[in-house]
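Have a look at the structure below before the remarks.
Chain lettering (A, B, C and D) follows the sequence in which the chains are written, and residue indices restart at 1 in each chain.
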Amino acid sequence: MPEITQSTAAAVAGVKDGSTVLMGGFGNAGQPMELIDALLDSGARNLTVVSNNAGQGDAGLALLIKERRVRKVICSFPRQSDSWHFDAAYGAGEIELELVPQGNLAERLRAAGAGIGGFFTPTGYGTELAAGKETRQIEGRNYVLEHPLRGDVALIKALYADHAGNLVYRKTARNFGPVMAAAAAQTVVQVEQLLPTGSLDPEAVVTPGIYVDVVTVVATRGAGAAPEPHPAVREHTAEEMVGA
Amino acid sequence: MSGTGTRLSRQELARLVARDIAPGSYVNLGIGQPTMVADYLTAEQHVTLHTENGMLGMGPQAHGDRIDDELINAGKIPVTELPGASYFHHADSFAMMRGGHLDVCVLGAFQVSASGDLANWSTGAPDAIPAVGGAMDLAIGAKEVFVMMSLFARDGTAKLVPECTYPVTGLGCVTRVYTDCGVFHILEQDGARRLKLVEPYGLSADQIQDQLEVELSA
Amino acid sequence: MPEITQSTAAAVAGVKDGSTVLMGGFGNAGQPMELIDALLDSGARNLTVVSNNAGQGDAGLALLIKERRVRKVICSFPRQSDSWHFDAAYGAGEIELELVPQGNLAERLRAAGAGIGGFFTPTGYGTELAAGKETRQIEGRNYVLEHPLRGDVALIKALYADHAGNLVYRKTARNFGPVMAAAAAQTVVQVEQLLPTGSLDPEAVVTPGIYVDVVTVVATRGAGAAPEPHPAVREHTAEEMVGA
Amino acid sequence: MSGTGTRLSRQELARLVARDIAPGSYVNLGIGQPTMVADYLTAEQHVTLHTENGMLGMGPQAHGDRIDDELINAGKIPVTELPGASYFHHADSFAMMRGGHLDVCVLGAFQVSASGDLANWSTGAPDAIPAVGGAMDLAIGAKEVFVMMSLFARDGTAKLVPECTYPVTGLGCVTRVYTDCGVFHILEQDGARRLKLVEPYGLSADQIQDQLEVELSA
């Protein structure tokens, strides 16, 4: 059963100086912006951030980098037209970058959640990004050995949670959420709405509640806005309703 | 550390295990005797049961009209679905186990060694058909592995042993052993694992020590 | 776009003598019984079958084994109270058995579908089932190297398919279906009902159509029986409906 | 093997690629020029588009009211959803690519070698911020990798080269190269990869051969 909190500050309290933080999102889709804002306010520094990108514009991860709270970024695509804060920090030698092909990033996170100690991937074989890594030919194909990528805390965004912590996402905002939720010691999720246990159909749950430690509601689509239909949300009977 | 005057029945043992599961835990109960633990979990404990064939939030055994051939547990017994349940495929289910996300797994055993090695999948009989199922995944996956077994086999030999003589299921994985004669904890101390008797039943601690080839830690 | 066929015989025509066949199911739940019956009728022999069990009673895989069509079984749990046909074949030395811990079986199938050349798993380390296998200590934990398990054909059972091949399953009958669908060169699925494309909500699809090659309808719950509600099935508008 | 009198425009090139995608294919179109291929795919081709940020059944770019910040493609451009679509997470999406399930992937390139090595992620400039995204996964994952590029760089040097001088994205992965001056196939013959010009445009086959340092196969 996850902890439910109304405070984004309380939600991110598990992030300490020096923590490795997994941040969901692909571009802005699925980026837990309000949790990252709270992390900025928390003052935590010397962070290692694992995320697909290295921040955009003047918001979220970009601001953490601007404020030099991030020691190292592990990502696949730091260079964007509006990644000026990362560009500046990198140019000044004030941030470390570990560049990982996007699928290896996703698979390393998946391995961390799945208890896999390492895996042979064909992606990156023969390239600069595999330099120095162990390789092996298996059945005539060349592979690189990659290792799991674990987080102390994952900050992700989902559409709905129930009180048991089950999550569903919305369209391509799903992206890294499910694998990061399983790869961190503590998973913090911001959702549009929190529903009673029994409201999400077990066939359509994407992230089971076992992976979720803290839930906070951030209605980014406007407070009081009616939630849009989602196939997982079902009409619930009194018998099925648990929690509130 | 005072025991009762009599050895524990299977029901009493199941009740004891249920009592020791922390509120809010995610738990997998193995096939056989461990399944009985479910009967003693209270609603206030908010324990969520996992079954490795792809479900969290498993409810009690199904009876009568509620039997559904496509809603079964790992023992292939029809079960029910509780609010907050979720279904997932086999790779996701075993990733959940292997990845250390379950708090407790309760298993039966042929033998447990003093250092927590578990033997529960094969008697090593040469003519037997080997079958392992999810035993090895359960053994190594959960944060805590509780074993339920009788302390002595029918021939009187102890099942808590210096080294397993049956084929092992996993090494150094058991954290607690619940037996009819007492509860044992296997604790990591100074890099070594020590076996400690925490609650004797029916026999005194000294009587138990006398019948074991392993040395109990103080 | 999958091939749709009304004939289970046509559906399993891709299985040849000597094929490796992945068969879904955990016990009877999710076992594609009618496809296996068609496979028995096809006369294909010398098969390698990958499945969690080795057949039960006098049906499905058990009959294939009884008829000595199966050269080798790769499974986790062959011994059951009613696995007498496997027991007899094994006792007579007429079938080979590769015993794999259930989670390694699932992960090897997943690796095959995901293009992973091998992976280090803690499951089975130090046991008879890892005898002779490469091991490695990674960050203080011991692992065994396991390799992908590919099929020529997967035979699985789902609840509904749409004409694009998207699948949803029912309760614990989901089990090995999704990983087997991705692990075989050809995936054949039997479903209760085939729905127009657009009927399954994209948020709740479990197996995307890209993994499905042949679909056949077998109404095991009684012909003409109304399908039960499933969260993925949506009311479709004329605009969304494609196919028939 | 007869070409037209003029080099191909980018639109003509996109049309050519679209024409060569087999009906019923699952296709990933890379960021930039490859995206244009979508405009020339016909409904009769029943091509299903994949975007690596977690979707099959991607529709055209979204405009106006249909723009949804949570429905974007790999280039972070708002797109639409077609009937039969499905969403999945990043690990599943890249498993789909790496596992060889996509029929065709279309990519841009800085260079392609005669043996099908691809260089499209980095110019190797020492002061540039490196960024790879999904390029390396796309390069090695699909059954066929089509490259779209101009045959010559702005400085006139050929981009079809004996060996890539830019950092490679993947080795031996490209199967076809679509350029303004012609279409090349990279074929596996007798264990070696051979580069074959199948359709010249604007230049004759001899003229193209004269300007390349790689030998074209007959």
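By definition in this document, contacts are C-beta pairs under 8 Å (C-beta built on N, C-alpha and C of every residue); 3 or more make two chains touch, one makes a residue touch a chain.
In UniProt terms the chains read A, C = 3-oxoacid CoA-transferase subunit A; B, D = 3-oxoacid CoA-transferase subunit B.
It should be emphasised that the depicted structure is a prediction, and the values quoted were computed from it without experimental measurement.
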| item | value |
| --- | --- |
| Smallest number of contact steps required from chain A to reach chain C | 1 |
| Most widely separated chain from chain D, with each centre as the mean of CA atoms | B |
| Centre-of-Cα separation between chain C and chain B, whole angstrom | 30 |
| Where chain B and chain D are represented by their mean Cα positions, the distance between them in whole Å | 54 |
| Distance from the mean Cα position of chain D to that of chain C, given in whole angstrom | 34 |
| Sites on chain A at which at least two other chains make contact | 107, 110, 114-116, 121-122, 169-171, 202-203 |
| Shared interface positions of chain B, touching two or more other chains | 55, 81, 87-88, 95, 97-98, 141 |
| Chain-level touch network, classified as line, ring, star, complete or other | other |
| Which pairs of chains touch, using the document's own definition | A-B, A-C, A-D, B-C, C-D |
| Of all residues in chain C, those that touch chain D in their complex | 1, 110, 112-116, 162-164, 166, 182, 197-198, 200, 202-203, 205, 208-211, 240-242 |
| Chain C - residues contacting chain A, complex | 107, 111, 114-122, 136, 138-139, 141, 143, 147, 168-171, 201-204, 230-232, 234 |
| Parts of chain D lying in touch with chain A, wherever the complex brings them together | 51-55, 68-73, 76, 81, 87-91, 93-95, 97-98, 122, 128-137, 140-141, 167-171 |
| Residues on chain B engaged by chain A in the complex (per definition of touch) | 24, 26, 46, 48, 50, 55-57, 81, 83-88, 95-102, 141 |
| Touch list for chain A against partner chain D, complex | 26-30, 52, 76-80, 86-87, 90, 97, 99-107, 109-110, 121-129, 142, 169-179, 206 |
